[in-house]
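Take a look at these structures.
Two complexes, one shared chain (chain A), two partners (chain B, chain C).
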Partner chain A sequence: MQNKKRNKLLIEISGLILAILWLTPFYLMVVNAFKTKKGIFSDILGLPEEGTFENFKQAFIDLDFIRSFFYSLFISVGSLALIIIFSSMAGYALARNKSKLSSGIFMVFVAAMLIPFQSVMIPLISLFGQVEMLNPAGLIFMYLGFGSSLSIFLYHGAMASIPVSLDEAATIDGANKWQIFWRIVFPMLKPISVTVMILNVIWIWNDYLLPSLVLSQETATIPLKMFFFFGQYTKQWHLALAGLTIAIVPVIIVYFFAQKHIIKGVTDGAVK
Partner chain B sequence: MNNRNLSFWLFLAPALLALTLVVFFPFIYGFIYSFTDWNGLTASKFIGLANYVEVFQDAEFLDAIVFTVLFAVVSIILVNILGLSLALMVTQKIKSNNLLRTVFFMPNLIGGLILGFIWQFIFVSAFSAIGDALGIEALQGWLSTTETGFWGLVILNVWQYAGYIMIIYIAYLQSVPQELLEAAEIDGASAFQRFWKVKFPLVAPAFTISLFLTLSNAFKLYDQNLALTNGGPFGSTQMLAMEIYNTAFSDYEMAYAQSKAVIFFILVAAVALTQVYYNKKREVDL
Partner chain C sequence: MKQVELINLSKSYEKQTEVLNEINLSIDEGEFFVLVGPSGSGKSTLLRMIAGLEDITSGVLKINEKVVNHLPPKDRDLSMVFQNYALYPHLSVEQNILFGLHAKKVAKKEQQKRLHETADMMGLGSLLKRKPKQLSGGQRQRVALARSVVSECPLCLMDEPLSNLDAKLRAHMRMEIRRLQKRLGLTMVYVTHDQVEAMTMGDRIMVLNEGKIQQVGDPITLYNEPANLFVASFIGSPKMNMGQAKIEDHHLVIENELKIPLDLTELLKITKNKGLTVGMRAEHIFRGEAEETTHLLEVVNVEQLGNETLLTFEIGKELWTAKWLGQWQVSVGNKVPVNISMKNMSFFDSETGELIKAASTPTNQEVVAI
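For the complex of A and B:
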């Protein structure tokens, strides 16, 4: 027993050491964001001697942070809303129709997950450019296209636990398909909707490549602005690190409040 | 609902339309255009397999394939070993296991671009400062050579994805019935035997998922590559996704880049399908 206790303590301590190691990059980012250029040069690992907020002020202005945050939020929320509404509807329709055609369409959605983004990137930008859709609305529509496969797959799986008898009972009571779905089925799909939301928001909020091809400077999201900002300040780490810290803060706040949901969502998404 | 039911099609229409316009149509369109000399602007003419013949003589593309495959192999091994170890650690009954999970998973919530920039600072500035202080020559000049660029990318990738893969292993480890482990212990099995003979076979499905995820992540990696090394020095740390991007949007050889993209698709899909097939077979055998 004594031995077991000691082993546990050893595991616990090595875990904590590893966790500190894991967080070191964030620590270095934050402490150096408070230093002057000279301060970073003289001591990179320690806490700042006299902290300054100047870096943050300038980074905030140069990142045009309020504007880029708004566009990131607008594009993420818009895409999520469309993905959740239309994927749940499609998942429901495909799960309730047992025909060969229906399972064929389902397979098509699943097969689309095999196509990597870079394989369709060039023609996609060309085609959307021809119809003048390289803007936030076009981007949201693209996210619906790329996000729907996995989301439909998850909704389709979750439908298995919602009995058809519920639909039948509602039909007898005079409800149509639209009412059945939104009043009865959709509320029961709530846990999987949370999963779908989390999996998609992590990817969409952080995406750089697609927005860089679709959006202009005026509608740039945070990652996009970050890229320009960083290029502007390559040798000025104090400003670059302040910018990076500002960009990360919103994510950490959300993670702090929703970490249980986030970890569960990621597990469900990967395991199913 | 059945096929003749209008509501079936109405429920399906928006998602199907988006998938068709965003994925399938460009995929087919791109496949056709990979047989032309299209440059994004002027009208194109059909040139048969010329692009594909050129691709296989393109040193830059072949180098990118070699670099990507090497990166993928090393990353897969390290990410999975570390991910599984972390999972085994945080599924022990220790006080800080929730805290540890939260910490290890955290890098996954932040975009690859931002993570790449942070690590650029660490490799370039922090490494050389530590190297100076401790007199370690090997910590100088990181990211300025192909080798340090490669290991820089590997370290970043392992640091980021180990926590993600950990989450997957945790899900499977927790579904291992406690009675089995207790029974094994009573029968005199050591901790290592309990892991190797009981837990390991039961978490086999987690390997399918984890290997597939780490592999496809490694192949599609772009943001981290861009932010950390931008392919440098002299394009020697350029991975496949970046090579395709540069051919298209720096050199404006759209059709040629698309033929690379088609090969890229075949590689990714073939690997993914093989992996799923073999792992399913192995799971059944057990």
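For the complex of A and C:
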């Protein structure tokens, strides 16, 4: 009994230390966003002596926040929609058609997860450049390609929980393949679709490297715009931190509404 | 009219594993036809081939006198009830019932008319807005039936629809399904592994084993005149009592233990040299009354069912069961007088399993309605 109490205490203390470690960068970001440039360097850890909202106003203008938020949203939502639509259909087709060919195609998708992005980025950019697709639409197609492997893997596994008899009942009822998938199977894939959406939105929204290679200044996303404040000779920390604070607000709002699904999604992704 | 015709229908997987072997069968319009057999006998595969959910390796399938081998299920004018009901979990009862009509683009007014008629018939009026997970097993079964009925297809296929229900509900639903079939005049092809369901529901039964037809006939014929040992042991509860027999000194000797005197006329009917297996129904081992007692047998097990008593005896290496109506106070170890007569025995060829001679059946008693 004593051991149990002691172990519980140890776990709680460890959790507290980890929480402090995790939250410290956020604390530093938010607290220093309200300080002037001088104020940040005079006391980085303390609360602002004279809080100011000027940083936020300036960052909002310099980031062209509404435009960059729009492009982040457009690219994320567009990519997610295509990933969910095509990956779910592919997972369904590969799971329901049991043959050597479908197993082979599935293995190819799974193997593609092992390919690091850095090894394909240059030929990819070169190819898309040749067909003039170095723009938000082209980026969406790239995310579709990179995001499909894991998503198809997840959908393929989820299909095991949907009895084939439902497909057969719908076939007897007179539904065609399209109707069977969209009216019967896809609604039942809602939990895994939420998982796929959450796992993909996390990396697509925060991605820097691929948008930096594809997008121009006019169509830059929020992560790209952040580096506006880091010049060759000077770093405008007060504006950068204010910009970062603004940038995470939409993420926090989404998290508050979807936290149950996010936790489940990350857990499922880890288990799978 | 023949609603369904199977002509030399066969099914094999990868040209090696033969699941069904040259099935020839015809099912009349309005008939309740039962496919019965043990697990792996091919009955569900046969049903799925009729439905169009499995390809036909060889042979011809006709529905309404039209060859349908390559016709998709939706064009075969049939409905199906699955073992696990296959209700769409995210749709309400109403949406489940109407799904097929919606897919076939039936007019909305007609959909609603059929929905309400069917819901009234199946007692689902108050459940239309519920989801399947909010229903009991029996209610889900009725929704699955309603989905079939609302399609107004003349042919209905059922794949072990009662196997997920408890015994009491199963007995009730057996009756409901049969009444529904008679009321609507549907042709039903019903698959089950339960011989009680087969006997109580079917107009005709087909017994399948290892992909081959063992016998086709009405329930009473299968019960009284089983074509072979498999049908004899499969149909009837309790199972038919069986034993190896030989003829010695004008006696029929069963399992080297039970001796029954033979007369000449009986001897002529069964060849002395053949390996013989005898079968006897439990209800034909009568209680011996005074001079009618033929044997004294020691009881090794007693089962009291309330309306009848089952007594088990050891006959050689076999266990034979007697079924006596009523409640009999018998204990294990008691020696009870029984009457065992050859006229109640069926004889089978031990090598081929085929029937040589069936037990004498009682004259049919008819009830005259006043």
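Throughout what follows, the second predicted complex is superposed on the first by the 251 of 272 C-alpha atoms of A that agree within 3 Å, B and C clash if a C-alpha of one lies under 4 Å from a C-alpha of the other, contacts with A are read in each partner's own complex, and residues count from 1 in each chain.
By definition in this document, a residue touches a chain if its C-beta (ideal position, glycine included) is under 8 Å from a C-beta of that chain, and two chains touch if they have at least 3 such contacts.
Since we're looking at a predicted model, the values are computed, not measured.
Visitor: Here chain A is shared; do chain B and chain C fit on it together or clash?
Guide: fit
Visitor: Could you read off the angle at the CA centre of chain A, spanning the centres of chain B and chain C, to the nearest 10°?
Guide: Rounded to the nearest ten degrees, it is 100.
Visitor: Using the superposition on chain A described above, determine whether A:F181 touches chain B (first), chain C (second), both, or neither.
Guide: first
Visitor: Answer with first, second, both or neither: which of chain B and chain C does A:Q259 touch in the superposed model?
Guide: first
Visitor: Which chain, chain B or chain C, ends up touching more residues of chain A in the combined arrangement?
Guide: Of chain B and chain C, B contacts more residues of chain A.
Visitor: Report for A:S216: first if it touches chain B alone, second if chain C alone, otherwise both or neither.
Guide: Neither partner.
Visitor: Output check: A:L166 vs chain B and chain C. Expected answer is one of first, second, both, neither. What do you get?
Guide: After superposition on chain A, A:L166 lies in contact with chain C alone.
Visitor: Pick out the closest CA atoms of chain B and chain C after fitting on chain A and give their distance in Å.
Guide: In this superposition, no C-alpha atom of chain B lies closer than 11 Å to one of chain C.
Visitor: Using the superposition on chain A as set up above, list the residues of chain A that contact both chain B and chain C.
Guide: 176
Visitor: Give the list of chain B residues in touch with chain A in this complex.
Guide: Per the stated touch rule, the residues are 1-3, 5, 7-8, 11-12, 14-16, 18-19, 21-27, 29-30, 33, 40, 86, 89-90, 92-97, 99-115, 117-119, 121-122, 125-126, 129-130, 159, 163-164, 167-168, 170-172, 209, 213, 216, 219-220, 222-223, 226-227, 240-241, 244-245, 248-249, 254, 257-258, 261-262, 264-265, 268-269, 272-273.
Visitor: What does chain A use to touch chain B in their complex?
Guide: Residues 8, 11-12, 14-16, 18-19, 22-23, 25-26, 28-29, 32, 40, 44-45, 82, 85-87, 89-90, 92-94, 96-97, 99, 101-102, 105, 108-109, 112, 114-124, 126-127, 141-142, 144-146, 148-149, 152, 176-178, 181, 202, 205-209, 213, 223, 226-227, 230, 237, 240-241, 244, 247-248, 251-252, 255, 259, 262-263, 266-267, 270-271.
Visitor: Per the contact definition, I'd like the list of chain C residues that touch chain A in the complex.
Guide: Against chain A, chain C makes touches at 51-53, 72-74, 78-80, 82-84, 86, 88-90, 99-100, 103-104, 147, 151.
Visitor: Spell out the residues on chain A that touch chain C in their complex, using ranges where they run on.
Guide: 163, 165-166, 168-176, 179, 183-184, 187-188
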